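The data blocks that follow each hold one structure.
Below, subunit A partners subunit B and then partners subunit C, in two separate complexes.
Showing the complex of A and B:
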């Protein structure tokens, strides 16, 4: 293993693994507290409630996402290219923005409302990842399957291709759902209260029982990490190298029904993106309110955008060499685990670990400034840069790199001259995805003092105290700032972002 | 080791004063599978040697080990430059059996064309050659002239500003040939490079590849499963079966005294 790779892995470990290990060490330091938390009679029902919400969400989300991906990639649905470009938008609107936009005007509450928000917000995970797999179905393969078994066989084969990726999408959604308490908290603030798994962690943290918080985090971490690693490995087993002569399969003709099916995509986009923005604009009342809020929060907006841009750049700069080196090791499972661990860990645990690690007299410059926020964001969301970049590198045709090697190119020449130009689109895409995710992050940053300067924190703290139109205006600003780079990417690249 | 390999080894060993590529008792293994077993051969500059054999006989493994893309389990691969007037010459060892010497493919100054030309989709034909000249350390001011000459020589000068996706199959192979030869490649490795072309273009382009490589003084080691290609293009033919060399000689020798199951079967088919 090269020194460079060891340094890169060390960097990833310092950013993501070390804070988690420090926080989880409380399991050993306070075993009694940890044990009592696990046998606490309220803990398992809360975990059960979370599992119920997650299961219901996945039950709706997986079929919906797979159907939409299939329609957008494998059929002659009208405007499917545009549809594919617009599909990620609901994902990049923070769940709190979905909640504020919808449930300020529609009286829904309880578990059905939580499930609805999650389905709307996270279905793009399944669509984008499944679509990327279906994109790789070649013409010759599809034609052979059709000749052997007809349309039914094509459908089943498409499903077989996309299922591992759809599972990754489902598990990524699961990671966000398991760690989230804000949506359930807000949606059940009136009527019967739904207390979820993440609430337990928060309560233990507030009560200064770190051993109990660490113990209760364990089931969540296992729940997220094990299926994620399994799905990633399964997907790579089915993954194919795309050579320059690759010919995609012909889209299947849907006949007259295609306009009706287009309606399904249109309704989803309407509910997931257009209506929330319209609803927030309506709730904000006037442009004056929005401008006033933007002026009032201008420092936070600039700080948040710069922080997001710096974090996204850091993620891409770290993920790129890491994945290039990882390819030489055939990307072992433990590297995936290392990258995904900080994402699978409840944000609160990551926050506690970061405080313990960086809150030291000599490190004030990092802990009290944006430094610790950058570390938190890069550590937590590195996976969203590593996943598409690693996938692109894996799919590069080896023979093109061999040809460069024989032509005299060393490793730097091959990377700069062949690999980077061929994956440039994915790198830009990864930057946009990383940027959007950093701007919707609240749960980790809320734990850190410097995080109070960010726009999501400002919005969260205003939900309770500010007037409804002010909150709506802030949510609209946050949504606009989050999706702006995505719009810019789509306008320039004119193609959907690449997620895997 | 069979008798033929023994003789070839002795021949290779005795040719230490010979020029070009010398492969001595090379073995290639994939785990427990022996793909190539102690094969020896030599190719002189300007000579075209074809390796024929059925699928799975180890032809491509042998070629890739010469290229340095896979590391042989045993043997020795060297390149000897032409003898100078003062009787001195340079012998480069690319690999030796002790594994103490290994030259990376990028430092062997060789070119390779496979069935899939593996062109770089983001570069124009011209940029392909300019890029390779850069990697091979050719000065900037010399790159343009060399590129133009080679594109002219392979017959795609009029397509210089086109990317691979805009070229026909034959043009793509011509570009692959130019890329393989640019910057002073001394050995050209061909791995079924004509397999995707129709019969007429295949013969035409095959002859042209051989001619251009000879003109540039490059040695050619050509892997094919089609004996007709080998007979029409090569100066010498090496037959591989189950990883072992079963026969070698000129096309006339091979066709007049076929030895080994593969050549005999091909010969029967030709006369059927």
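Showing the complex of A and C:
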């Protein structure tokens, strides 16, 4: 293992792993408390409820996402390019914004409403990741399959090909669902209450039982990490590198039904993006309210954008060499685990770890300023830069790199001359995705002083207390700021973002 | 030609070096010293509510207040966790809590410092709202009221007691915030102390059996009553005022006036042990306990209830004396709250 790789992994460990380890040390420090929490009869039913919600969500989300990806990538669906460009948008509106924006109008509650919100909010994970896999299906392969088994065989083969990627998408959604209690709490305000796994974590924190909080976090972390590592491994096994002579498969002709199928995509985009934005605009009332709120929060907007941009840049700069070096690893599962662990850890635990690690003499400049926020964001969301960049590097044609090596090009030359130009689009996509996710973060940043300067904090500190139109205007501004880089990317690149 | 030597001298002229230098600069932003006097305030209140008081303090003293607040969604858990984790190297000077229980718990965890002698403005605060040992001081309270939608409930049927939540005629129409956080948890813990475990358990089981709704917070509960989705429920007087100000058809009933009285939960101010600006902490606490601060909070749209006598306030804001107040030992409530939290979490699973 090279010194560079050791340094990179050390950097990842410092940013993401160390705070987690420090916080999870409470497991060892208070073993009795940890054990009691795990045998508590209240805990497992709540985990069961969360699993039920997650399972139902995945049961709807995976087929819906796979079908949408298939329609958008492998068929002659009208406006499929535009559809693919618009599909990520619901993902970048936090679930609570979906809830606030249209559940006031639609009287849905209970588990069906929770599942519906999650399906709407997280299906783009599955679509984006599956689409990238389906993109790699070659013409010769597709024609052979069609010749042997007809159109049905093509569909099944395409789905089989995309399933590991779809699973990764499902697990990414799972990470956000398992750690969330706010959506369930809000959507069961009226009617039977649904308490979930994350409620137990919260109660342990509130009762000041750090050992119990750490112990109850473990099943959630394992629940996220194990399928994720399996899916990443499976995807590597299936994911062939792109042949330079690669010709994409011809889109399948859908016939007259294509307009009806387009309606499916249109309805999803309407519910997932247009309706929330229209609802928020309607609640905000007028442009004057939005402009007033933007003026009042201008410092926070600038701070949040700069913080998000710096964090996304940091993530890409770290992910790029890390993923290049990861190609040399025979068993990269431990690196996957290292990168994804901070994402799977409950945000309050990560916050505790960050305080314990960084609240020290001589580190005030980092701890009291935006430095610790950058560290928190890069550590937590590195996976969102590493996943697309790693995926693109894996698909590079090795023969080109081998030829360059034989011609005498060093590793820096090969990276600068071949790898970077080929994956540039993905790097920009990774930056956009990372930026968007940093703007969703609240629960960890709330524990850190500079986190108070962010726009999400401002929005959530006004929910309930401010007038409805002001909250709607702030939510709209946050949505606008979050998706602005994505819009810019789409306008310039004129193609969908790459997620894997 | 000379680029290479320059790069050796200034490695950040390369792309990666420049990025690294920019990153380091961002990491260290905030490093600069600040000559102005300051005090660090952690508050469970959201900033828009606390801001008018802070602004006035800054105006009067020239001391800059660094504010770390909270959101309704987080329910003070993150903030208290931060104070506990920072205990060995405190970064806050003052904790302004919107209730009492977490303040007492922080005192028991050794996070708070005793103010001896007490701040001069503490003199007129009623004894029940001040810690006997001088660790915390109450001011600007909120009452636990029943918010009622007047379009849905006739005058003759108005609920008058907490026990109305358990009445058959209100089955599926009343609400109580799931009592595992905030003022509702404090309220239920106080009931255990005041009317005993048996009666409180009977009340809570009645709430469950009567299919009361369990919204996530008092603000949300008040909104739901205002919108007519729920007929009535327990909330804080401050949340009632916000909904009332929005024009919803609601009134507040101060419950149990013929029996145990209405619970009053004060804001509390406490000094952090080992905080970086101890003198300014004392000055800020003294200001929070002043008539001026109580007056500002009484005139705030949330209408806090002054604890000191003769504070100017808008007409709808009632004060002790206008209604019977429940007798509560806040220290005892704070000591019991972790135990009750577990019981309530299990009961309302």
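Methods note: the second predicted complex is superposed on the first by the 495 of 500 C-alpha atoms of A that agree within 3 Å, B and C clash if a C-alpha of one lies under 4 Å from a C-alpha of the other, contacts with A are read in each partner's own complex, and residues count from 1 in each chain.
Following the convention adopted for this analysis, a residue touches a chain if its C-beta (ideal position, glycine included) is under 8 Å from a C-beta of that chain, and two chains touch if they have at least 3 such contacts.
These numbers were taken from a predicted model, which means no experiment stands behind them.
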Fit or clash - subunit C, subunit B, common subunit A: fit
Of subunit C and subunit B, partner touching more subunit A residues: C
Partner chain(s) touched by A:256 [first = subunit B, second = subunit C, both, neither]: neither
First, second, both or neither for A:447, with subunit B first and subunit C second: second
Which of subunit B and subunit C A:374 touches, first, second, both or neither: second
First (subunit B), second (subunit C), both or neither touched by A:457: second
First, second, both or neither for A:32, with subunit B first and subunit C second: neither
Superposed arrangement, angle subtended at the Cα centre of subunit A by subunit B and subunit C, nearest 10 degrees: 150
Partner chain(s) touched by A:360 [first = subunit B, second = subunit C, both, neither]: second
Minimum C-alpha spacing, chains overlaid - subunit B and subunit C, in Å: 12
Subunit A contact footprint on subunit B (complex, rising order): 67-69, 104-112, 114, 116, 118-122, 131-132, 135-137, 164-165, 179-180, 182-183
Residue numbers on subunit A that touch subunit B, as the complex places them: 243-245, 397, 399-400, 402-410, 413, 417-418, 421-422
Of subunit C, residues touching subunit A in the complex: 16, 19-20, 22-23, 26-31, 46-49, 66-75, 77-82, 84-86, 89, 91, 105, 109, 178, 180-181, 213-217, 219-221, 223-224, 229-230, 239, 242, 246, 302, 338, 341-342, 345-346, 348-349
Residues on subunit A engaged by subunit C in the complex (per definition of touch): 42, 45-46, 96, 182, 185-186, 188-191, 193, 195, 199, 202-203, 205-208, 306, 310, 313-314, 317, 348, 351-352, 355-356, 359-361, 364-371, 374-375, 442-443, 446-450, 452, 457, 460-468
